[in-house]
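The same chain A turns up in both complexes below, where it pairs with chain B and then with chain C.
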Partner chain A sequence: MQFTSQKISNVTLIRIQGRIDHNTSKDFENALKPHLDECISGMNKKIIVDLNGVDFMTSAGLRALMIAAKTCDKQKAEIAVAALQPIIQEIFTISRFDLVLKIFPTVKSAFENLSVDAVGDYGNNLSS
Partner chain B sequence: MTRIRLAAKQENLEKFLKFISVLAEQNDLSPDTAMKIRLSIEEALVNILNYAYPGCNGDVEIRFRKENDTKLVLEIFDNGIPFDPLSLPKPDLTANISDRKVGGLGVFFMREMAEDVHYRREGDSNILTMIFCRH
Partner chain C sequence: MQIRFWGTRGSIPVAANGRVIREKIKRALLLAEGLRFGSQEQVDRFIDESIEFPTKCGYGGDSSCIQILGGDDYMLCDMGSGLRRFGQHVITEHGPQNPKVYHFFMSHLHWDHIMGFPFFQPAYIPGNIIHIYGGHTVEVMKDAFRRQQSSPCFPVYWDQLGADIHFTQLKENQWHEINGFRIKLRGQEHHGGSFGYRIEKSGKALVYSTDAEHKLDNDKNTAGILDFYRNADLVIFDAMYSLADMITIKEDWGHSSNIIGVDLCLRARVKHYCMFHHEPAYNDEDLFKILQETRRYEEIVREALPLEISTAYDDMVIDL
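For the complex of A and B:
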């Protein structure tokens, strides 16, 4: 599993690539942790996790996302996932993760929902 | 019947999953069916590797067979402490976020992904049977 993160306006975009299973879920937690710490400290209140590059996820991955969502909920921060592959969407649907965090079909639509300020910067980022 | 038997150790998880991937290829399973089998087997194995043999060593065996060319039957054997994963309560998926439990989805996935799941204790063996339909 690989990940990158970047700050776009007032949103942190985390891109995940690969499988999130019992062997890699710790890496996934580590990818999320510094940004959750920023939520706790009040430095950052909006996180979008781009899952377009994730083709497999076990309960260990959902566990990490649940912890992240609970942390954000407590801090009145927002976390969303976007661009799920059909197979991941199915896993989210049957486990009712639509009740846990916001799910968007594309990263752009996640930006549009979470931060009007960041949408333009996200668009510029894509074209640069 | 095809089978694999290895020590119940975390480092063997990938070998078990490789066995499942090879089965999926050999039997020309759809990506969807292969994913459901892999997810269910991984969830079941992680429980066994973590909890079946507290303080001692043991093996895990996976057996695979086809029935009528439409059903795929996977059985997981271990000789660990008696444990019926299907006895665990189903998670409350509709609870609001502050009340939702962090874990508990592994067994839920096994139930959801397989067409049918059974547990039985035979002698000193736990036997978990998962049946999948070929799509």
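For the complex of A and C:
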């Protein structure tokens, strides 16, 4: 599993690539942790997790996502997931995560929902 | 070894009311529209082949009680409301004056798992011998049963029972030889503690693991669960909630989810995963949909041999 993160305006965009199962869920948690710590310290209040590169996820990955969502909720921060592959969308439906997490079809639509201010910067970032 | 389910519902028994039955009849009639049946056999064939399970049948509403056949004596796990029907079945089969030996393995002592005992007719008949085993202390087990059959909860008190009743605490993580079976207990996360059972005989292994919240947040604990389930022919699993419910609003309620069951059983190379302890708010259509979704999840995440998946229903029989 690979991950990158970048700050775009007031939003942290985390891109995940690969499989998230019981073998890699700790890596996924570790990828999210510094950004959740920033939520706790008040430095960061908006996170978008781009799952476009994720083609496999089990309950271990879902659990890590839910822990992140709960942490954000406690800090009155926002977290959203975006750009799910159809197979991952199906897993979200089966687990009912589609009812409890903010899910957007594209990263752009996630930005539009979480931070209007950051949409322009996200667009610039794409074209740069 | 054969498993017979006398009760499969979690928390509290439920029953289909008139509205539910009317809807089932309506759906069946619509499916039969335009058809003519020339015999009873044709009607049965139509029901068997053309009507889905939630319409022609249903999962039932008695609380947890399963029977394990294959030993000399009767052997069961838990005493939910399904135990009443089991007791009636025994009396019908053998008559009231034919003493028998019964072995009960208790997951725990919450009400939905002991409520069938006051209605278990063989307990009132002298000559019957009842062994009640569990991971809790004898004092805790006795107290739960005595309190259930005392004023003001029930009119027939514990001391009025005619059968010879024995309580035994079984040690965890070691094998016990009972009624020709090898039996091992493992402690589980649940309010007040619960115990799963691995039951083996003639090369076949059953795991009965209900009322257990598998959070999978502790690698050592998860490894212990996987060892306990390893290569089992059948795992009867507490799949009461969706994963989202289990780790949000129903966290620490003591139950697991359908897809956690799939992940554990795949990793432990279990052959057959049977969902059990159904949420009482779910109707037959809900449970049928969850079964289909769970099978689809298994199809997505499976990497080796397929896992057979079923949803337990009252009177279901599984041969191992």
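Annotations
The rule we apply is simple: the second predicted complex is superposed on the first by the 128 of 128 C-alpha atoms of A that agree within 3 Å, B and C clash if a C-alpha of one lies under 4 Å from a C-alpha of the other, contacts with A are read in each partner's own complex, and residues count from 1 in each chain.
To be clear about the criterion, a residue touches a chain if its C-beta (ideal position, glycine included) is under 8 Å from a C-beta of that chain, and two chains touch if they have at least 3 such contacts.
Since the structure is predicted, the reported quantities are computational estimates derived from the model, not experimental observations.
After superposition on chain A, the partners chain B and chain C are seen to clash. In the superposition on chain A, A:23 makes contact with chain B only, not with chain C. Look at A:87: by the touch rule set out above, it reaches both chain B and chain C. By the document's definition of touching, both partners, chain B and chain C, reach A:99.
Residues common to the contacts of chain A with chain B and with chain C across the two structures: 21-22, 56, 58-60, 62-63, 66, 70, 87, 91, 94-96, 99-100. Of all residues in chain A, only 21-22, 56, 58-60, 62-63, 66, 70, 87, 90-91, 93-97, 99-100 touch chain C in the complex they form. Taken together, the chain C residues at the contact with chain A in this complex read 215-217, 222, 242-245, 247-248, 257, 259-260, 262-263, 267, 293-294, 296-297, 300-301. In the complex of the two chains, the chain B residues touching chain A come out as 13-14, 31-32, 35, 38-39, 42-43, 46, 93-94, 96-98, 100, 102-103, 105-106, 108-109, 112. Residues 21-23, 56, 58-60, 62-63, 66-67, 69-70, 73-74, 87, 91, 94-96, 99-100 of chain A are the ones touching chain B in the complex.
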